[in-house]
Amino acid sequence: MSGYFTELFTGTKSLAIGLGITIKAFFQPVVTLQYPYETLEMKPRFRGHIQLTQDEETGESKCIVCGMCQKACPTGCITVAGKKPEGSKKKALTRYILNFTTCSLCGQCVESCKPNAIEFSKDYNLASFDKNDFIFDLLKRLKEKS
Amino acid sequence: MLLDTIKKELAAVALSTEEEVSAEDLAATETPETVERAEGEAPAEAPEGKEEEKPRPPIMETDYRAKGFHLDVQVAPDKVVEAAKILYKENFFIEAVTGVDWLKEEEFEVVYDYNNMAELCRVVVRTRVPRSTPQLPTISEVYAGANWHERETHDFFGIEFMGHPDLSPLLLPEDADFHPLLKDYTP
Amino acid sequence: MSEFALSQTQETFVMNLGPQHPATHGVLRVKLTMDGEYVVRAEPVLGYIHRMHEKMGENRTWAKFLPNTGRMDYLHALAYNHGHVMAVERAAGIEVPERAEYLRVITTELNRISSHLLWFGAFVLDLGGFTPLLYAFDDREQILDLLEGVTGSRLTYCYYRFGGVYNDVEDDFLVGTKAFISRLRSRLPMYHGLVTKNIILIKRLKDIGPIPPDMVTRYGATGPVARGSGFNFDLRKNEPYSVYPEFDFDIPVYTECDSMARYMVRMDEMEQSMRIIEQAIDKLPEGPVKAKKVPKTLKPPAGDYYCAVEAARGSFGVRIVSDGTNTPYRLKLRSPTYSNLSLFEEASEGMLLADALALMGSLDLVIPEIDR
Amino acid sequence: MNSLFSADGLTGLVFLGTIATTVVGAIIATNSVRLIRAVVGLAICFIGVAALYYFLNSPFVALMEMLIYVGAVCVTIAFAIMLAEPHPEKQVGKNNALAGVASLSVGAMLFWGLTVLARNTNWKAAVSVANDGSMREVGKSLLTTYSMVFELISVVLLVAIIGALVLARQGREKA
Amino acid sequence: MNLLNISNNLETYLIIGAFLFGMGFYGLLQRRTLIGMLIAAELILSGASINFMAFNRFLAPDPTVGQIFTLFIMAIAAAEASIALSIVIAVYRNYRSIDTEDIVELKG
Amino acid sequence: MGTESVQPSLIQSVVKLTQLDKLLGLGRANSLWPMTFGLACCAIEMMATGASRFDLARFGAEVFRPSPRQCDVMIVAGTINHKMAPAVKTLYDQMPEPKWVIAMGNCAISGGPFVFKGQYGIVEGADKFLPVDVYVPGCPPRPEALIEGILHLEEKITGSRRWPRVEAK
Amino acid sequence: MNPIPEVLRLVIYLTCLILFAALNAAYLVWVERKGAGHIQRRIGPKEVGPFGLLQPLADGIKLMTKQLFLPAGVDPVLFKVAPILLLVPAVMSFVTIPFSETLVARDINLGLLMIFAFASVNVLGVLIGGWASNNKYAVISAARAVSQNVAYEIPMLITVITMVMVTQTMNLNEIVMQQPNIFKWYVFRFTASPLMPVAFLIFFICSLAETNRAPFDLAEAESELIAGAYTEYPGMGFGVFFMGEYANIVIGCAVTTILFLGGWQCPFGLAPGWWWFLAKLYLLIWTVVWIRWTYPRVQFYALLNLSWKVLIPISLVNLLLTGAMIKVF
């Protein structure tokens, strides 16, 4: 019988404690980040889709079309093409297609890229009505950017 | 030592080198065939790796640091239940059951991983069944947990566990009639 | 009674729980045979998110399988990363620098806390309490921020590499981690006040969903499920890997075998993980984070290798069968919840539906890891 | 002639509605194939009856009717149907036309007979009324004149509760 | 007779009572299931109650009597319903049917 | 649960833009109730979107209904495999019109990282059997991306965007 | 007596009451979502109108224009009747609730009994709705709702009987008038029974359980039974159920206010009026919301045990004690 009342008492007390915790939270400031108005700055290592880096001098891509990224990609979402312009030894990039819809953001392409020609972008809020929007022509994007 | 006890007990069910079955099994790991297989898939390094294993005894203590398990036991297909019973008696629990499709040797290898909670002792029990008639008894009576593992193995390889209560596809769709982890599987 | 009556007295009906059901945390389907509110038989049906990880393992190089590991158990992705890289390192004989091992421990333990926090929230959500979930998410976001700063992703990390980790950490990560730990330390009593000591929750968990020790052995359950049934079994202690032997921490074990015991194991584990992280940060050595001699294309010698780690849900094992080429011949992934869930059918027999779901919640299911 | 929009006229309209509710409810209750619909019909009928009691100057009994019949009896019956739902298709087949006609005629004859009786009898109103029949009076007589019956009824209810428990439990054990 | 004034007329209630009684009787005969019969029985009881209430209102010298009777009928009906339904459940458990024709063999 | 075949975009085809429809559109766009329906990793991010930090509730879209009957938008968050696809289709069919689909994450868009030659298990994209309205890529997408997806959907329903566009830096 | 204004008055009151019920349902949802948001340290609806105040409107528009269809296998008639069976009694109960001394649609002497008579009907709505849905979850939910309602009706009615013994009337307005200031509120009327605050708690807990609110929301247990009895209801059917549910909450809280907290009376005896009633009412409703977002759901047996082993004995003790006190003093 005494157990009955003890349980009744401790039970009621535990319920009251619970109410106290939630009401305290009610008067605490909200933690919400109001997205379209407030945004987070992405961390330097944030992995968005990849993009081509810009050579500071020429403004062109640093890519040497070695194809390492294409080889390293587990899902084969990168297609690189290049050709040698006349009178040049090095290949120049002509096409860099990223099919972001199959990318798994593992970072192996960036890791494998010796000349640091690709990096992760900070595009964290992509959405579209058409899935072909996510097949990026990175070279074109680079040109638009500069 | 748990390892020694279990080794002693398992020696009774392990494939003995004198028996015919084991001769067949040894034949499977003979160099010529291995080379033949290696030619197909791995020209350079495979033979070396295999040659170390050539005189493989049916029950063998392995280097835990290199392999990740302590005891490697090869048994005949009809002895898996007995082995499971011995291990159950020593409070081992089953970690996984899986198959390996040795296409070149026309055999399936079924691997049982056991572990012990009280003392670290990982035991691998393996058996081989011919690819044409992949049948062996179920251990789900001893280890209820093996039920799903065996079903999964049946899903992936088509290996039949005789006496298993329900071998219908578990991970694949209910009407699946293919075994995707077979090496010669093409969708 | 007449035979006719005997054969006809089964007052049962079949009910499908899932594949879309709030309590199954994804796409598990449970075929329930019910007698009114009582579960006569609960047969889980798997495979609704089977994603062919094992087949993919055979199809791609060792390194290309890395992103997959983070997607099996997305809640404790780093443990799966860890299991895979450790197995391959064992097979290929790669030594890992000490700093990398420490970083692995710090990040994987952080990830474990985040996994347990999510489980905590989701479990209470199963029991009908919504608010603790959001409090837990609030704390979890802090961890995700920390880990995102290091690994670049929030959930499906792909951070460990053969022979080390992807990149080194900065000091602000370590400072942030310490700050987070002190924050969580002050939050845990709040969780206990709001949830653990709540009479309603105690009534729902105490003596509900017993999993006796022999059932654990027969089904091969591991992790908090085993520890809640009195087994002092944690691979971090039993099969010390990485640099875990360096740290002083306890394995919480409860012998009650009920849902409450499993709940308490996980709550205590968070505290132990915090201890580990603190020690690891204090002891963190300088040095490289990647082994020097990792060949470009890995070709581990033929043979089979096994490696297991303690993930948040139990021991995750990777069995590699190598034939010496640059792709695995067979890659078997032993996922803990697969075994843990298989005992559900036996354990839930004769339970009330709500209790069975509490039991299921206490098993901490992550379906893609079960289905692989 | 009363206007439809006077208070009396409205009352009359409401009363007609009440009768309709009762009658429709009763018809649904006896004629629907699915039992659950019969229960809903019964509930509707009881709501009508409760309204009739209200018209009979007895709101207390009307509300009790709602509370006990609609809120308790109907719910219990519906609950029992949930536990023991007969197969509807089987029921359809069993509805023997002859038996239906026979029972309908029996029912109709009873109805006719009682109606005739009601219309032809010369009812004599009471000369004096002892009290206003309010709830207070009802309570008083319950605890004075009818206290014995009241006690007996409570015993009956107690026995019913225990009996129901025993019966339901026994069936369960056998199953 | 003014249709809008029938609420103040004893006969109206008696006829409704008779109707419910007749319907209940019809249902009792026509229904094949125990629960259906119980529903019909409830209708009969209602018909009786209405009569009580009507007499109480229009004829009785003490207008509490009819009300008390009706209350008693309600109590009895409630008791009857609970007992009958538990019997139904018990019968259903044993015979998997509440159809009266299926329950002819009266052995446990 | 039964299945009903509902003609897709029945409502959309009839509707012409009038003032009333604008109001209806506003009402619908601001009360998008998603289904409690997570498949894999992305589901956790979906939960995170509903959680305090990002708070999907601000747009009135936090009412996650577990029953498809009361849902307006199905967020396909995760990989759909062949075993699951019929169930997803059923759930979609059970939703009353008007209804929308958001494909969240790369798996739902195209099968994501699980596409390889000779794969036997998964459906390569939810748009193979569902009319997807908005695609949110990522593996998994950040919660902001899902909010952006919801805003895109509202834009599609009302025809204009009320919220500022955020350019990633 | 002038009949026409009386009729008009009734019509106006009924319209107002239905509007009140509907608005309450709509804005209680808003309060619930907003309250839940802040309890969880987030904002809640905000973008739709100022402070998200147009959110209920948007939801209403959406629900009303949702495609209406009958899911396969449901009983078409009962499926449509059930929401009405839930909503109508709830709205009817509003008729007798005194918002102030004069602001009452129909001041009935048996007001208290009438509310309980109507409240007992709404469980039939859930039961029929669940059954008609032809869905196993809905059926289980309906069964749960019934057993829960039956179990909690007993302590509730016992408490009400105790209150009637104390107040000597069932007229709600009279009950309110007996509590002119805070010391005479029945919740603190220790002279009537020392267990009055407990009686208040019991009544409040029971009204939570009767309205299927958390932590007693077993019938609608989302993580177990999808959406319980409402699983198959699309669009407005669901909306009506929702309205009925919230109307029931309002009634439960209103009755608690009237019985224990002095209804429209001011705590200090000053300027009584409907604003006090609404303030108390919404405070109680807020408590209901607060409780919902704090606790997990109770276990089925714990629920029944609470009723049979705790609430019923205590309320019986209270009944006897009150009787004795009345006899003695």
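Think of it as A, B, C, D, E, F and G in the order they're written, each chain with its own count starting at 1.
Assume a contact is a pair of C-beta atoms (placed from the backbone, for glycine too) under 8 Å apart; a residue touches a chain by one contact, two chains touch by 3 or more.
These numbers come from a predicted model, not from an experiment.
Engineer: Along touching chains only, what is the step distance from chain B to chain F?
Structural biologist: Steps on the shortest route: 1.
Engineer: Can you check which chain pair, C-G or A-G, has more C-beta pairs in contact?
Structural biologist: Looking at C-G and A-G side by side, C-G shows more C-beta contacts.
Engineer: Select the chain at the greatest separation from chain G, using centres from the mean of Cα atoms.
Structural biologist: Between chain G and every other chain, the largest centroid distance is to B.
Engineer: In whole angstrom, how far does the Cα centroid of chain C sit from the Cα centroid of chain F?
Structural biologist: One centre to the other, that is 28 Å.
Engineer: Could you grab the centroid distance between chain E and chain F? Build each centroid from C-alpha atoms only and quote it in angstrom.
Structural biologist: Taking the average C-alpha coordinate of chain E and of chain F, the gap between them is 55 Å.
Engineer: Distance between chain E and chain G based on Cα centroids, please, to the nearest Å.
Structural biologist: 32
Engineer: Among the residues of chain D, pick out those that touch two or more other chains and give their numbers.
Structural biologist: 60, 64, 72, 79, 81, 174-175 - these are the residues of chain D that touch more than one other chain.
Engineer: Note the residues in chain B that touch 2 or more other chains, in rising order.
Structural biologist: 172-173, 180
Engineer: Which residues belonging to chain F are in contact with no fewer than two other chains?
Structural biologist: 36, 51-53, 55, 58, 66, 83, 113, 116, 118-121, 139, 142, 163
Engineer: Per the contact definition, I'd like the list of chain A residues that touch chain G in the complex.
Structural biologist: Within the complex, chain A touches chain G at residues 8, 15, 18-19, 21-23, 25-26, 28-32, 34.
Engineer: Looking at the complex, which residues from chain G come into contact with chain D?
Structural biologist: Listed in rising order, the residues of chain G that touch chain D are 3-4, 6-7, 75, 77-78, 81, 108-110, 113-114, 116-121, 123-124, 127-128, 131-132, 139, 142-143, 146, 149-150, 170.
Engineer: For the complex, give me every residue of chain B touching chain F.
Structural biologist: Touch residues, chain B against chain F: 172-174, 178, 180, 185-187.
Engineer: Spell out the part of chain B that touches chain C in their complex, as residue ranges.
Structural biologist: These residues of chain B touch chain C: 37-38, 41-42, 44-46, 48-50, 53, 65-69, 88, 91-96, 98, 100-101, 111, 113, 115, 117, 120, 122, 124, 143-145, 147-149, 156, 169-173, 180-181.
Engineer: Name, in rising order, each residue of chain F that touches chain C in their complex.
Structural biologist: Interface residues on chain F, with respect to chain C: 35-41, 43-45, 47-48, 51-53, 66, 68, 78-79, 81, 83-84, 87, 91, 113-114, 116-122, 139-140, 142.
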